[in-house]
Each structure stands twice: as structure tokens, then as C-alpha cells.
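Across the two complexes that follow, chain A remains constant while its partner is chain B and subsequently chain C.
Take a look at the complex of A and B:
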């Protein structure tokens, strides 16, 4: 391809941006969307600061060590919860909303209910995070918010997210697309799982290690069926939409959908290999985790066959939205592959309790879900605000900081975890020696956290600049 | 798959089937476990935590110690926990039946604590370590702990023991 013919590098002003007027479906969405999105970006910056502090404390335990409010356990729990419940949920509420309205031609008329749900969600989460920093945290990751917060979050979720199901039910003409199934499935499954996990772990704790199993089941569902499924919904929408071609081997998509929903939760016991739970449950977890390759293969066929023809990869690289989305898709496929391979007993025995599992989770929550959410934001926000992204440089800073931060964070966690696992398997190597040799990887984790913070601040500046310069477009009845 | 009810029913089936298959059956199998003697007429294990240790458990949770320490000894062949001296036998489900929150943990930045009480230093040494770990030790200083909270945390850590025989895991004589 000659220099003249080469498509322009992303300027930070995606070609799809800059619509001055909104369709009817979008005009009703604007308020709730911006409410969720602004909250999400604020939480993302808070989570990034906390994650940086936690990353530094991992190799400098005495950093901020004089203050009880900033113990590693509290800061890391607060960082995790603000990222997952603050950034992840708010952003997914917003993007799922927009996708369902677009795909179902849904005119959203009760925005105040969703906004009320969003406000409730964010107030409850703020209370919960403050309580964690004050020391009121539980022992189960992602269920460590004070238990009184749980019912409020559940109610707020129903107010905020169930509109997606309503949009699907009221779609005219029975339009039907795989993105809609994933969003409806995620929106319906998560409250059920959250309710059952809250009851079994926090409100009426089951006896002994059944709690740990219930917790593992909750985390597995949260990761796969909320983050994973919602991110895939967006990927299924944006790839064919921006490339302007039908999804390859679309007939396989239902197989991917149903196998993901069936095997995701069933693989939970694989996270507890060697733990004091029945062996048969552990074996079920391993088998289900390996069967989890089925949806991964389907997704790979769908996306790679769409991207691999007619210069799809290079066109993706030159679209700001697709650049993020494709990084997200590749991350999801890697995550699925790693989950299946590392659930085998031998590998699990070596890698358990190291940073390897955190690297895997980061590959899904950041590499897949967050990158796809970033890509979606670059597509949706200009349409809803009627403005262009204020700075193309900040878009570049955002992408490269996020991408390099992701590579370093996941690479350090996986390679450092692998190395620590090999050393821990050798009894002659003391725990102190393992910790000392893990220090460079922890340092790399701090560098990654710093890069991610820089990228997120750039994204926040650009996004809030755009929202504040918004022309407050109104509907002229355009229907797309 | 155009029918909403069918879609919701399918998703509900997936969630409910897995919940029943994993959690309900686990509850049926493990839910009735209680304290038991290793042999008929012997003492009941696990032992109840002393009152100070119960307060110490709250301190352990408050500080977020579970972020860096596990409390589970895996069987031989599934990691080197026993060879490393973390325990004398694998942890079994019965070891946890008295714990209001089971703190198995997910990451070992520091050593496993399931059987820490059996290898712990003296109370004074442990309290001094928590307040000011020796140079080069990868543990944060908790100098801010009051004497009462420190004593409670020490009592909790020393109450963590899995060095008794249970019906499922007998100690080798």
C-alpha cells in the first residue's frame, strides 16, 4: 500500500463523530447515558489512583505504612471495587442502554428512573468504599463491600439495567441480533447471581467452605456473564457496523452464546483446586473450564473471519473505535484460552496463589471489557453530545498508555506469577526468596499502574471537555 | 431466538442448573458437618476460638490481611504446602465449620496461615514483628495498632491450628 493510499492515522476525531442532531432513540438516552458515563469516568480515575498506591505498596510495604487507612488490604479492595462496581458497571449500563436502544429502535421515555438508579448505585458504592477504607471490609473479593450495601446495589441495578430487557421486549418487527441476546442474558443473570451470592455468603452464610464455593461461583459469573457478555455484545455490534460487512459465520453465534452461559458458572470450582471442597466438584470445574473453549472458538471464528478479509485488520487499526475493540477481542480470546489451559490440575497446582490469576482477571476486566468500553465511548459520545473529541493528542495518549499499561500489567502478572509458582513448588526456596525475586515484577506492575493512570486522566479530560462543550442537541426526528 | 420468554427461560435454566448442581449439592454434602472427634470418645475438633481470638479475627479482616495470606493447606501432589511446612496434613472441610467467614484467601504474598498457631513465635515476638518487621522482610509495619488490638490479632493468629486429627484427615503417628 503506497503512502498516498494509506488511510489516515486516527486523528482523535473519528469519522463517525460529530452528528449535530440526535435520532429519537438517542434523544431519550442522552441524560441517563451521560449520567452513567460521567460517573464511570470519575470512578475510573479514582480506581486508577488507588491501584497505583496498591501496586507501590506491593514492593514498598512501608509506603504510607504509618496510616491504618491505607493498608494494602484496604487499598487493594477499594481499588478493585471502584474499578469493577464504579467504572465497569456504570460504563456497561450506559453502553448496553445505547446498544439496545439502537438495535431495538427503542424510544426511552423514563430516563429519570434509570438516572435515579444510577444515583442510588453511586451513592451506595461511595458509602461502601468509604467503609472499606475505614476498615469495614469482608473477606471475599468483590463481595467485600459492607453487606448492607448489597440490597441497595441490587435495587439500583434493577432500576438502571432492566430497561435493556424492556427495549428487547418492545422492539418493533422482531429485529434480532446476537448483541441483544448477550445484553439481555447478562442483565437477567447478574441480579439472580448477586442475590444468591449475597444470601449464601453474607446474610445467611452457609457452613464452612460452601461459602468459598459460592464466592467463586459469583466471581466467575460476574466476570464471564456480566463483564464478558456485555463486552462481547458491544464487540458484536461495532465490528460489522464499522467495517460495513456481515459477521462471518453468524450462524455459529447462538452456540457461543449458550455455551458461554452454561459453562461459565460451572467452571467456578476450578478456582478452588486443592481447596477443602469435594474432589468431584473440582473435577466438574476443570471439565467445564476446558469446555469453555467452545464459546471461545466460536467467538474466534466469528471475529477473525470478519476481520481477516478485505483489509479488516488495517481498517480496524485506523478506526479509533475498532482499534480499542480489536484489542478487547484479542484479550478475550487469550483470556478464554488461558482459563481453559490453566485449569488443569498440574498447572493450577503451580500457579495457584500467585499473581497469575490476577493477570488473567485483568486480561478480561481491563484488556477485554474496558478496552471495548473505551472503543464504544469513542463511537457513542460524539453522537450524543454533538461535539468532537477536543484533543486528538489526548486520544493517542489514552490509547498508547492504556495499551502499554495493559501489556506490562498483564505480562508482569503472568510471567511473575509463573516464576513465583515454579519457585513455590520447590520447598528449598524460602518464601522470603520468592518475595525478593518477585520484586522486579511488582515494580513493573507499578509502572503499568502509572501508565494506566496517565491514560485514564487523558481520557477523562477529553471526555469531560467534550461533555462540557456539548451543544445539547435535540431530536429532529431523525431515525436511523 | 426471537422470543424474549424463551431467551429468559434459557438463561434462567443455565444459572439455576449450575447453582443447583454446584452449590445446593455442596451444601447437602457439607452443610451438616460439625465438630467431631478423630476417634470415638476423643476431644472434638476443630476447637472453639477463645474470645480474644474472635476479636482478633475482626482485626485480621479490618486490616485486609486476607489479601496476602491464605488459610488452606493443599494435599501433597497439589502444591508443596506440606513440604514447605505450612501444615502437617491437608486442610479438610470440617476444619472450617466454626468459622463465620471462611478466609481461604486467593493470593500468597506472605506465607499460608492455616496452621500458623503451631509454628508461631511467642506472643511478644509476634507483636513486635507486626509493629516493626525486621529489615528486608516483605511485611508492612502495623505500628498504629493499639496494644489491645495487637494482642487480639496475636491471639487470633495463634488460634489458627490444623494440627489435630479429624475423621477425614488423620495425622500420621
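Take a look at the complex of A and C:
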């Protein structure tokens, strides 16, 4: 924290002058990127408000309880879906595509197709969220949008995200960077997984527990292979880029990539330990979850060896982008460790049906993916808009609210979940006592949700101030 | 493509010791450097070899543990095993339920009994009594099982013809299930129509008679008289 007093301004500075000059790659990107990014930020604010309402309801059930539209189940589902499909997907579309275009020198000419995909995605999602609030929600978390939204989202995904694969295929010289593998992998994995999950869970429901298995598999892949892999791609880009140093032990990176993609989906049944699915499936899930430590070790070696040389940590702290990205990396490593440890049968039996799993998920979707996305936007937006971040105070407010909110939210969910799990396993403690004991943790959750909302509003104000004040880029290098 | 000068943190005072690389990579340079790194081995330096060896051992350890765990906790990969604490599934050691099988019984019969009783079940006139349409094999299962387990010695009347038989204890060397298969076959072949015999019944009878010599047919009839047709 002492670095706080350093003279360095953490907010991004614009390019050398107020005069916006975009490279060819960036000028084609600008429109679609800003479209995705602006919708992402709007969804983020909506999701934060909904999450705050849901969090308050956990310790004050009568809060907004008189209205049917704001009952707990609907608000929670809407908060989760707006956060994941609204903020997460839109922001990842934007950042993934920017990364691929930069790394592959891709000059994007058909921006309207991606923008069309983005518009479709957001319209379908808006319809779905409205339906959820109206009470038309399904029973599977993250697949609870109405069934008919699924195909539209899939189509919109293909329109929006496949450009990064095109950018990869057209890269000059056949050279490769680890970020590109992760994004290509994520872009191929997600539509396939989403399609199969839609078919097996919603359209042609499979029999019995296979449905639950398919759902767990979908969630696992969504978390690891879309959020995780895309976030790692950005982290792999920004750390060497900003520190100006090649990644340490880079030869290990392919091992991390392939093992992550191999073990992520197989680990899904570990979420269903003790469920009536054959024991060998559960055991495969446990083994795959523990073997998930292989990519985590590789990532740790790659990132920590790059960051720990030559004052890398303090330099990261002084760069706004890397400050967020490093928090994201540490969160991802913690998440991988927790996933492996908590998949063992004894721990899983204690922690099942508590807030612990929720804390783990938040560690990935917020701690890793969202933090890295924030870092990426602090890097990318000034380049694309050619203007300053309007207020460096708001940048500070954003970082500290998000960081503290993350710590409190995840800490409360993990510790509260652990405590509740221990008590639930003790027959002497009644269910009412367990609920009463968890009230302080729910209160902490509300505080965290409030902090996150403050941070996100600060971020949104800054970002929209920047986008709106940006001049239309006039570019020498523009190709059209 | 002026990436280096467009870095948003460009204007901050440099921290630490700013080497030539401290300014950050351009994107082209970033890809190029790492492509080289991936293609060529790093320069050997002190301590370099430790990480790969450590990694190889660690990952092999993970794999080894995974194999052990799967072997112990997979319930033999049976689709019907749901609980890790359930007693070991017997499916691997043999059929859970016995089903009397006349086809198996026929094979056993040919190997153990047909030398005297013939594969036709008609026996040898004057020497070995027939089994086909014999009242001795129909009716109470105990009579047939006892004859197979310990044998018969003495005068015996079958289908109105008298024989002076000496049947060895064929069943003593066979398992309960095998005896049950043979008995089932005998009771259902050659026009016989009696019910099948279960292995549990054989076990029960074997336990009840303990160790004893061959039955005299008359004694056996006292225990289990022939049923009227």
C-alpha cells in the first residue's frame, strides 16, 4: 500500500497528444469494440444493482418483498445472468477480439457483422432477463434464460466471436503467441458446449441424472474454458507487454494450455459428489479436478517468474492495467487451488449446499475474469478513443471498491460457507441456529455488493465520459 | 504501426531501472520474441534444469495418484455402483443370482453321468437303470439330489424293472451349482417335466446329509417316497 504515495498516476494517459491517430487494425476495431464495451458496462451496472438487492434480501427478506417482480429467486437469477451473459460475454467479445486483431495484425473490414451480432446478443438477453423478472425462469443456473433465447444467443455468439478465429487464421508469418491459443480454444469450446447443453438440458431433455451431469459440464466449461481461458489470454498478453519482458519458462505454456482444456470439462462431475450418478463418474471428476493443478502450476510458474524479476511486482502496482491484471492472476491461481482441494470427497461432503461454491465461482468470474477485463479496458480504451480517463480519482475509487468488495464478498462466502458446513454436519446444531449464525456473513455480502456497485458506477462514469468525449478518429493509416 | 509510443502509461516516470526493454513490447515484437522462445531452447543458465525436473516429478505424481484413486474409488466402473462405501460388487466374481441352466446341465451330464445312464437317459438294460420317465428323478428334489451327492447301492426298482445298482457319489466332487444344473437337466430332458433345481437347495441337502456312504434305495425311499403319477 505504500506505493500509493508514489507520484505515478495510476490512470491511463492518452497517446502523445490529444490528436487521435489509430493504427489500421484499431480503426476497424473501434466501432464494434465500443459497441460491445458500452453494452458490457451498462449490463455491469444493472447486474450490480440486482446483486445488491439479492444480497440485502439474504439478511432482510422483507426488503422489496411485497412486489412479486423482486422476489429473491428472480432477482438472483437475473443478477447472475446479467453479470455473466451481459457483462462477461460482451466484455470478453470486445477484449478477445482486440487482442486477436492486435496480435494477428488483422484489419477488420466488416465491422457491421460483429456489431449486428452484438445487437442481437443484447436484444435477446434483454428479452430473456425481462422474462426472468416476469417469472419465466428455468431451473438450471446459467441456463435459466427462456429456452427460445438459446438459439439466438448462439447465433449472435458466432457472429460476434468468430472474428477472433478469422483474425488468427489470417495472421501473418504463422507466428503464435499463447494468448492466441487460449482465445481460439475458448471461441471454439463455448458454442459447442452451449449447443450441447441447450439440446441435452432444454430442448431434448435427457433422462434422469444425465441432465444434471450435462448442466454441471456446461457450467464447468463456461467457467474454465470461456471466462478462465479468455481472462488468461489477456493476462498472458498484458504482463509481458507492459513489463517489456518475455514470459519466464515460456516453453511450459503449451502444457498449461492443453491440460487446462483436457481436464476442465472432465472435472464437472466433482460438483455432483454424492449425487446418484455412477461412482466412477464422480471419481473421474475428482481426479480431473485435482489434475487441474497441472495448468495452475504452469500458470503460476509463467506469471510469477515473469513478475518476480526486476521489480515486476511494484511496477505492476504502478500500472493501472497491471494492478488489476495481477489481482486477477492471483485470484485465478487461488481458484484453481481451491477447486482441486475442495473436490476431495471429505471436504466436498462438508461444503456441499453452502455458500462456499458460490465464493469459488465469484473468485473466478469476478476475481479473475472481471479484474483482468477491467485492467484490459484501462489499457485499450485510451488507445481507441484517443482521450484521457476523465478522472483519476474515479480510477482509484474503482480499484479500491472492486478490490475490497472482492475480498469481502469472496471471504464472506468462503468462511461463512465453511462455518455453515461444519455446523450442518453437527447434529446438535439445529438448522435455525445455522441460519442465524450465517446472518453476519450475509451482512458482509451486502456490504461487498454495495462496494462493488460503487466501484462499477465509478468505472461506468469514467468510461462513458471517455467514450462520449472522444473525437471521431481521423486516421492516416485508415484503409477504407 | 506506432505501438510503442501509444502506450497509455507512456508519460509516467520510469520505475526501477529502466532497461531498453522496460518500455514494453510492441505487439509484433511480443509475438516474435515468444515464437522464438517456443521454437528454441532457452540459454542454459544456473538453476535452469531444476524447474523441468521438479515439474516432471510433480506431474507424474499427480498422474500416479489419479490412477490409484480411480482404481480404488471407481466401483469397477459399474454403471450400477453409486456409493463409494457400498460393499464390493460381486458382479466381478460371478453371477449374483443362480439360474438353473439345462444346457450347462447337459454338458455336465455327458461328462459325469452318461457313461452309465447313457446320453439318451435310457441306461443299459439289466445293468444301469434309465432316467427317462423315471419316477425317481421327478417329484421331490431331495431324492434326486441325495442320489447324485452320495450315490446308491443295492436293489432298486425303476419303471417296474429291478436292477442291482452301485452308483458312485458323483456329486461329491461337483459344486452346488453344477449339481443343480445336472439335476435340472435330468428332470427336464427326455420327456421329463419336473421343475428346475436351485443351487441353494443343493447346498441345503448337502449340509443336511453331512458325510455318509451311499444310500440303500430302500432307505432313500423311506425318506422320500415316490410320488403317485
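The rule is short, and it goes like this: the second predicted complex is superposed on the first by the 460 of 480 C-alpha atoms of A that agree within 3 Å, B and C clash if a C-alpha of one lies under 4 Å from a C-alpha of the other, contacts with A are read in each partner's own complex, and residues count from 1 in each chain.
Heads up, the rule we're going with is that a contact is a pair of C-beta atoms (placed from the backbone, for glycine too) under 8 Å apart; a residue touches a chain by one contact, two chains touch by 3 or more.
Only a predicted model underlies this, so the values are computations on that prediction, with no experimental measurement involved.
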For this session: Look at where chain B and chain C land on chain A after superposing the complexes, then choose clash or fit.
Result: fit
Exercise. So, A:277: does it touch chain B (first), chain C (second), both, or neither?
Worked result: both
For this session: With the two complexes superposed on chain A, say which partner A:246 touches: chain B (first), chain C (second), both, or neither.
Result: second
Problem set entry | Comparison of chain B and chain C by chain A residues contacted | B
For this session: Using the superposition on chain A described above, determine whether A:286 touches chain B (first), chain C (second), both, or neither.
Result: second
Problem set entry | Least Cα gap, in Å, left between chain B and chain C after the two complexes are fitted on chain A | 6
Seminar exercise, completed: chain A residues where the chain B and chain C footprints coincide 176, 254, 276-278, 284, 345
Exercise. How about chain A: which of its residues touch chain C in the complex?
Worked result: 6-9, 12-16, 21, 23-24, 102-103, 105, 175-178, 237, 240-247, 249-254, 276-280, 282-284, 286-287, 290-291, 293-294, 297-298, 301, 310-311, 314-315, 318-321, 345, 378-379, 382-383, 477
Problem set entry | Residues of chain A defined as touching chain B within the complex | 57-58, 61-62, 65-68, 71-74, 76-77, 135-141, 165, 168-169, 174, 176, 181, 184-185, 188-189, 192-193, 196, 200, 205-214, 217, 221, 254, 258, 261-262, 265-266, 268-269, 271-278, 281, 284, 345, 349-350, 352-355, 357-358, 424-427, 431-432, 435-436
Problem set entry | Touching residues (chain side chain B, partner chain A) in the complex | 1-2, 4, 7-8, 10-12, 14-15, 17-19, 21-23, 25-27, 29-33, 61-68, 70, 72, 74-75, 77-80, 83-85, 90-97, 99-111, 133, 136-145
Exercise. Once bound in the complex, which stretches of chain C touch chain A?
Worked result: 1-3, 5-13, 15-17, 19, 21-25, 27-28, 30-35, 37-38, 41-42, 51, 55, 58-59, 62-63, 65-66, 69-70, 73-84
